[in-house]
Amino acid sequence: MNGENTFQKNYEALISRELLAAWVEGFKENFRLIGPAGGKGEAEFREVFSFNEINLDYQSTMLPPGKTFLLKPVEEILSFNITPGGPVAEEPPLPDRKRILFGVHACDTHAILYLDKVFLGVFPDPFYRARRENTFIFSLNCKTVSGLCFCHLVGTGPFLKAQSGYDVLLTDMGSEFLVELKSVRAKKIFSLEGRPPEGRDLEKKKELELELLKNFRKDFKADGLREVFLSRPDHPVLKETAEGRCLSCGNCVMVCPTCFCHDIYDEAGVSLARIKRMRRWDACQDYFFAKVHGGNFREERQARLRQFVFHKLDYEGQFGVKGTVGCGRCIRWCPTGIDLTEIAKEMMK
Amino acid sequence: MPFFSGEKRKPRAGFFKFSCCTGCGFELAYFQRSLEDTLKSFDFTFFRLAYSSGALEGPFDLALVEGTVTEPHQAVELKRIRENSAVLYAVGSCAIAGGIPAIKAGGRELEIEKRVYQKKLYRLTSMRPSVLSDYVKVDGCVRGCPPGRRDLEEALVSILLHRRPEFIEYSVCVECKLRGNICLLVDEGLPCMGPVTNAGCGALCPACHRACYSCFGLMSRANIPALKNKFRELGLSGEEIERRFTLFDALRLKK
Amino acid sequence: MKNPYVPFKAVIRGIGQEAGDVKTFLLEPESGFPPGAPGQFNMVGYPGVGEAPVSLSRVPMEDSDLFEHTIRAVGRVTDFLSTFREGDEIFLRGPFGRGWPLNEVKGKHLVLVSGGLGLAPIRPVVQIADKLKARRITLLHGARDPGSVIFKTEFRHWRKKGIDVELTVDEPGKGWRYHTGIVTEIIRRLKIAPAEAVAFICGPEIMMRFAANELFLKDVPGSSVYVSPERRMRCGMGLCGHCQHGVWFVCKDGPVFSYRELRGYPDALF
């Protein structure tokens, strides 16, 4: 199916599930394929070796695809060889495997765009950048919504509206898939064969989206939080939730697709032959996160919970967009079900 | 001073044991790839599991101490170790939080003796258990039952590098997520102690589909009432909940 | 692409003992290390130990690439560095951050306020005072007690440069000839024309707040009062997230902020 279209290159096409499978299988030769697969109950993003392993109907995953595969949970960023003349820095090689991150939902695609703002800004991170450049993102419009999703309120879903920053967009249209090549590089190297979409297909896509929009259950006003948050940073709901329910376990921020915080620390073996400088996802819910010699800027549990809620729902001035993409993971995986949208609603009352 | 610049004398180390299962000592003796390096880098002048002889007197650059203090003579010995050691780390939950030997702290000494030994044993000198820090200054805690490799290594490296150690201080959940385990507490309603337990094990139990039972002890500033509440919602009885929280932390929680 | 985590080396060319646990290291960096400006900082450290943000307490000048760091031993990295001797090498990355807004002080009355080690990042401003073309410079420095005053031997020299230096301590000992009490009291007595004043403040957060409030009472606007808060930092580049304060990354958007920029966000005294 990688054949050439002699007359006109297709950037959009409707193809059957079988043809989609064959199309994707064709990439395996040059790309490592990562997609949502099986799992007990929950799908998880992992390397797959055949298209059949991919669960196209998955609803969500515990760990987000972008953060997991572009900013690894734990990674070596530098090492030092200990020589008689002193430690000598050695740079680990940059990742260069070509990969396809397949089936990334709209919210998670937006999360990657957010991570880009963090890691490709004034100080680009070489590891993130190398992975990002070598990873083709195949986004997938959602088919179902969960009771915790609120992407519709923050403009990140359920259908992907962003026009760049990813490579391919897939929509399950029932009997066929709508495949849209979005990036310049995708248009250059992938060729598509299939029926070009007509007006009624696009009409149908719109209908599918409208249908989905009816299923959302979360509602809160995402705009206007600014004033409320800053005028009442000590709203009692924060203290009550923090003291009554928050375990400071960090699960919320670990599963959040836009939480980028990490710790940097050195690992030395007893032989002291080589020292590794590592980074690992860190959690602002952890007591020591903001500790300095003179004190702790988030000594109280409520201050830590507030940092999470405000950073996700407010502080748009930081990167020009909200921190949240509405995936609902932090709510789903909080052991006590703390829900940032409920906190916001309470504060807005 | 940079650590590689020629210091020739190996640091003298001792490994000491009070009431416990000796698991921490075994962990060090079975230090896999690192054992050889450890013995090369340190002069273990006292380590009963590795060498049958050894001088108890010191002085030591590093004292690693496992076990709970449950007998009067142990307290005396501990103080002597402290006086003769530049750095003393408590190793394992018994030494840090009381661990298994401190389960008895919840009851009356005599009643427990009777229950355990049936008839009166006149030579029994066991007393109320205490953690090391009740008697001496402790410079750091190598948590675990037995400790994780990372913190054990950190303890040794801190001496070799002449710098403060940085032991892991965050929840097991963080490690659990780094490992990608599907959460047992959320997904299956198992009473997992991960959210309040200090990490270091690499979320070993959750990875084997077992709820964490807090063998590394509570992390500092854990929200204990909040997790107890959650367990109550899951249908655990008061006693079941109490047991989960005092299995390794009886002493700390009683305070 | 260059790995921005790779540190440069610098050789210690001199060590000065400032106070009990505070030392000043004169450093000669390997070539290629960019010169820093007053208010900027380096991530200073050693392999196997870690890194910590430390302000430049003296900046390189035309005649010398050497710069200084003044470090108080309070933790893992700083304790370790405090044992270093002349000739030893340390590792650093930087310089990072936005320093003091030096081009705002021309023709103005520059009020420098520092508490404790907060004098370290203020010192380079004094160092290049001649170039600033300020109308007047006043330095107010507060410390716990006479023994913990840093850069003691330099004040005389600074006064010769024409800078008004006022020292104060909380607990004066025998023979202390200067003020007693907190710096805010000296600010209160200071004659300031509010429209012409620019203030740079560095010290413990509570001190920065009181000092700023004192200036506000004199009608100095929040946009003319600059502070340099301390936060935990791991990377220095706005990536690790530890130093976040509201929308800001203290490392890359700061560490110097106008009071107005910081005001209103929780978790600080501003």
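Order of writing sets the labels: A, B and C. Residues in every chain begin at 1.
Following the convention adopted for this analysis, a contact is a pair of C-beta atoms (placed from the backbone, for glycine too) under 8 Å apart; a residue touches a chain by one contact, two chains touch by 3 or more.
Values in this document were obtained by computation on a predicted structure and should not be read as measured data.
On a Cα centroid basis, the chain most remote from chain C in this structure is B. The pair with more inter-chain C-beta contacts, choosing from B-C and A-B, is A-B. With centres computed from Cα atoms alone, the innermost chain of the structure is A.
Computed from the mean C-alpha positions, the centre of chain B lies at a distance of 42 Å from the centre of chain C.
One simple way to say how far apart two chains are is to compare their mean CA positions; for chain A and chain B this gives 38 Å. Within chain B, residues 2-3, 157, 161, 166 each touch two or more of the remaining chains.
Counting partner chains per residue, chain C has residues 46, 48-50, 75, 89 touching two or more of them. Within chain A, residues 82, 86-87, 265, 268, 272 each touch two or more of the remaining chains. By the touch criterion given at the top, residues 46, 48-50, 75-76, 79-80, 83-85, 88-89 of chain C touch chain B in their complex. Residues 77-78, 80, 82, 86-87, 89, 91, 94, 118-119, 121-126, 129-130, 230, 233-234, 260-266, 268, 272, 275, 277, 279, 282, 284, 289-295, 297-298, 303, 306-307, 310-311, 315-318 of chain A are the ones touching chain C in the complex.
Partner chain A is touched in their complex by these residues of chain B: 2-4, 34, 37-38, 40-41, 150, 153, 156-157, 160-161, 166, 169-171, 173-174, 177-180, 182-183, 185-187, 192, 194-196, 220-223, 226-227, 229-230.
Contact residues on chain A toward chain B in their complex (touch as defined above): 39-42, 44, 62-63, 68, 73-74, 82, 84, 86-87, 243-251, 254-255, 265, 267-272, 280-281, 283, 286-288, 301, 332-336.
Of all the residues in chain B, the ones that touch chain C in their complex are 1-3, 5, 157, 161-164, 166.
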